[in-house]
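The letters A, B, C and D name the chains in turn, as written, and every chain counts its residues from 1.
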Amino acid sequence: MNFNDKNYKLSVQLDKIHLRNPTMLASGILGISQSIFERLYDENIGAVVTKSISVNPMKGYPNPTIIPLGGGSYLNAVGLSNPGVAAFSKELSENRNIPIMISLVGSSEKEFSKMVKVFDSLKIIGYEINLSCPHVSKMGMELGDDPEAVNKIVRAVRINTNKPISVKVGVGSIDVVELARVAIEAGANIITAINTLRAMSIDIETMMPVLSNLIGGLSGNAIKPIGIRCVYEISKKLQVPVIGCGGVSSWQDVIEYMIAGASAVQIGSILGSSGLKIFTHITKDLKKYVEKKGLRNISELIGIAHKYQ
Amino acid sequence: MNFNDKNYKLSVQLDKIHLRNPTMLASGILGISQSIFERLYDENIGAVVTKSISVNPMKGYPNPTIIPLGGGSYLNAVGLSNPGVAAFSKELSENRNIPIMISLVGSSEKEFSKMVKVFDSLKIIGYEINLSCPHVSKMGMELGDDPEAVNKIVRAVRINTNKPISVKVGVGSIDVVELARVAIEAGANIITAINTLRAMSIDIETMMPVLSNLIGGLSGNAIKPIGIRCVYEISKKLQVPVIGCGGVSSWQDVIEYMIAGASAVQIGSILGSSGLKIFTHITKDLKKYVEKKGLRNISELIGIAHKYQ
Amino acid sequence: MRTNINKRRIVQIEETIAETPTVKTLVFKDSLSYSAKPGQFLMIWIPRIEEIPMSVMINSKEGYAAVTIRKFGFGSTALFERKKGDLIGLRGPYGKKFTIRKNCKKILIIGGGTGLVPLLRLVSYISKKKIKSTIVMGARTKEEVFFEKLTRKIIDETGSLLIVCTDDGSYGIKGSTVSVMSKLVRDDTFDCVYTCGPELMMKGVVELSNQNSLPVQASLERYMKCGIGICGSCCLDSSLVCQDGTVFNEKQLSTMLDFGISYRDKDGRKVNYA
Amino acid sequence: MRTNINKRRIVQIEETIAETPTVKTLVFKDSLSYSAKPGQFLMIWIPRIEEIPMSVMINSKEGYAAVTIRKFGFGSTALFERKKGDLIGLRGPYGKKFTIRKNCKKILIIGGGTGLVPLLRLVSYISKKKIKSTIVMGARTKEEVFFEKLTRKIIDETGSLLIVCTDDGSYGIKGSTVSVMSKLVRDDTFDCVYTCGPELMMKGVVELSNQNSLPVQASLERYMKCGIGICGSCCLDSSLVCQDGTVFNEKQLSTMLDFGISYRDKDGRKVNYA
């Protein structure tokens, strides 16, 4: 990587992964189509994370599954709908140059092993293990809240791949730093923080909960300060590469996450108001900022806030 | 209580506490002055909760301690500044008719006993035990995350008073329903949910965290869907009176909390944009709603959402 | 503006109109839907049952709009069964509209089934603009023809033409809309073609238009959860039908390898059209 | 609007003016502060050190404003030591302004120390409105007098009068602002009195105004954390100084039992004024 080259001002390194810029697509957002991934890449995205994939296809919950709450915040209980490992490995089979990270979800270490064995021959940059989806039982957060399960699952993935592994953590009933520590000790290379937070919305006219699943996950603007806090704590205490996620909607948010300690950021819900071109806008603005501040490379910002006590 | 009397359309019952309407002042908001409590009562508030009081006076953290984040959300790390038990019992000594609930904070069961012994002779309606302040070490959430400590503290308070006790819970590293259960089993009568969530804000111009304490608690609009979820889960699973708190800024929010299972609600951060008269506005609008819906009393709404699976 | 359309409104059904035994129109008051553009859709919440996308149907009363539902699966059947006075939730209108080029004088409209809904809003719109149209309405059989009277009323005195056709010939011309269209484009000239209906029908319309070098716009349907470009369930090649569509023009359509070939199921797997 | 003023702006100090050895003015560009009303204040963030309330000082350049700090404790000393080019954060302006009744022709302004800051904005405002004023500036001693030249410049050609007094008589009239005021109200007539400065001084000014049946407005100070009516640390009897004030009139002041008697410390306990 030549930091003097102008084009590399935005490039970042996450374990063995080299990205042309720190923006990534968050899992579960537009994440099931190779054609969409290619379009996002044309919009200058750094990398994409796929929808969380399970061994078998999942239909997810009935609608409503996604509620725009206003003010850039969203509530969802999609129920991890996804095409399953067979169809999805076919979907990605033609991938050549898109930096794709596959998000995995499952209910036992066996399931994870099985998926990695299939996916590992694809041209992908790594895996993200979703241990933090807050609204599907026996998957996601229910495992993430159990350190023993986390340990087993991460090991199962580690054994089957040499590619970088990120573990996606959330605000559940175990301290986020503790969860990240267990994941890293089990062989994860990166931590993604954070997933959505368990939340609910009730319509007062009909007096009924809106999500079909009653409870879902809060994302977007509302959770940004919580995401910043988690990234700060994890990166400061564990000194591992962290991907920030939660409420990013502008280049300023990217910078804030990086100063907090993120090496890259994922962008999700905001696409509901900005469209895919937000990646082009943000990367353009990041470049301007980096030049204005006279940085050789944007990574100089990572974790600057750690020095304050 | 005569439910046919028009004036009682908004009255609610919380364990032994009877309130003329379900609006309360959240702890830490304007909560140190008897004169302010009286003014709030003139603004038709149902009851006030004081700032969390500790045995000794606490200065709190240096400023900035409170940050308006925009969009009706706030971040604070006040550091539990309070005048301490001696000065505060003097402050309340003249209270005659204001329904005041004293919020207590401490680091050991001894401290809580000590305070209750002093406060119990005052004219107050009960106590709220703050086991959820997320940004002061050895107090608040650090205790709330430890079921054994919760049990001891609640018992210590219970032994020294016959007045109703509410335990204020938050989103920490123990499941909120579990924490509530421990509190109730130890003798609490009511649960207040929720406190602020650990969060952080970094200024990207100076690249510095804004709060002097670095990390603080997120409140206001952002956390409402999380508060609704916690109230729903606690009231549905434990069937105890719950006071909803978090992001209430309108009569609609009060109704949503009540449908979720709250018997009353606390209002905090929004005062930063609405002023004290919000209690008059909300109670007026609640009355209109209750009349429009043809309810005999607003309590008919409590927990209506529980019936959906 | 966006916040506005995303905010869920709860409306009361003020009128129900049985179009056929399996198609019903529900009328409600909602100013945002009233001023929806031709081609736009709503996400309709049937409380505690489902949320499904529905094109915005026109209604004659100011400030009012409607949806016209074909009873189909779980959600649409529940909506179909809603009665006057029942509450439903709305968000939207979402999606791009049918666009009409400036010097467009005569257009051809080909619709089938509930695909007529967005097309009627278009017809109503162009009737006010004094643009002439030929409208082809297709159905399998006589019982499934609906909106005929309403359409005649809208185009009354505009010089536009309505042609009804049924597959079995039990009403109107016998034959498919595509076969009717092939005759029309041979005998007459049009500036643009607009279509909505079963995808295989639209595929035929688009191919025929391309063969005749006619600009064409089609309003497509895909499985939708969010309606606002987040979930990706509506993706069709590199497009999001909810945001980039639902209306696509001949240029966009020509790049869509899956158009008329396959769609994605609720779990995101591709399924071929029968 | 509110969102606007609450949003933290980071500004660069573009000029520093030493007023006395312990009082300094820092000039910066900020359009919201530039158009602050007389009596309003800012919450000034000294990054990683403190955030403190400061009245908005006027500046002659369009779009600019300033703060004038007396070096005092930890935060104010840090701010005092900021240099040209340093960054500080601002939010606000907050609080109610000094109000001027319609047919007000001549006013009396009594200020001490940095209490002059909001009063100068008032003087500047009334000078444009052609309202005459008599301004009394008090200090303990000659070295502590500041803003004299600036004030003369503002009132130049307005017919207003500036009187400087010092406790020790080392400059201007010997005596306190209150003693000067007592002579002024005996010999002249005023429509209203405005004051800001040490609370005990203001207490004297208010009492004297009441005795002479003069309307009076005082800008008070209390310990402030939020500045927006959340924390309650600024409470004075049943008022929140940050929101209901900082400017209070004679009617409001008359109900404040603690005015001039006690204030609340950082922990909320009441402390009596010496």
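Odds and ends about this structure:
Simple rule for what comes next: a residue touches a chain if its C-beta (ideal position, glycine included) is under 8 Å from a C-beta of that chain, and two chains touch if they have at least 3 such contacts.
Predicted model only: the values in this text are computed from it and were never measured.
The fewest steps needed to get from subunit B to subunit C, moving only between touching chains, is 2. The minimum number of touch steps separating subunit A from subunit D is 2. Using the average of C-alpha coordinates as each chain's centre, D ends up farthest from subunit C. Centre to centre, using the average C-alpha position, subunit A and subunit C are separated by 36 Å. Averaged C-alpha coordinates put the centre of subunit C at 66 Å from the centre of subunit D. Between subunit A and subunit B, the centres computed from C-alpha atoms are 34 Å apart.
In subunit A, the positions touching at least two other chains are 71, 208-209, 308.
Shared contact sites, meaning residues of subunit D that touch two or more other chains, fall at 48.
In terms of inter-chain touching, the protein chains here are arranged end to end in an open line.
Working note: touching chain pairs come out as A-B, A-C, B-D.
On the subunit B side of its complex with subunit A, the touching residues are 69, 71-73, 75, 171, 173-175, 178, 197-202, 204, 207-209, 214-215, 218, 221-223, 225-226, 228-229, 232-233, 252, 255-256, 259-260, 301, 304-305, 308-309. Across the complex, subunit B is touched by residues 2-3, 6-8, 10, 43, 45, 47-52, 74-75, 87, 89, 91, 225-226, 228-233, 235, 237-238, 240, 243, 264, 266-270 of subunit D.
Looking at the complex, you find that subunit B touches subunit D at residues 28-33, 35-36, 38-39, 51, 57-60, 62-68, 70-71, 74, 76, 78, 81-84, 87-88, 203, 205-206, 208-210, 212, 268-269, 271-273, 275-276.
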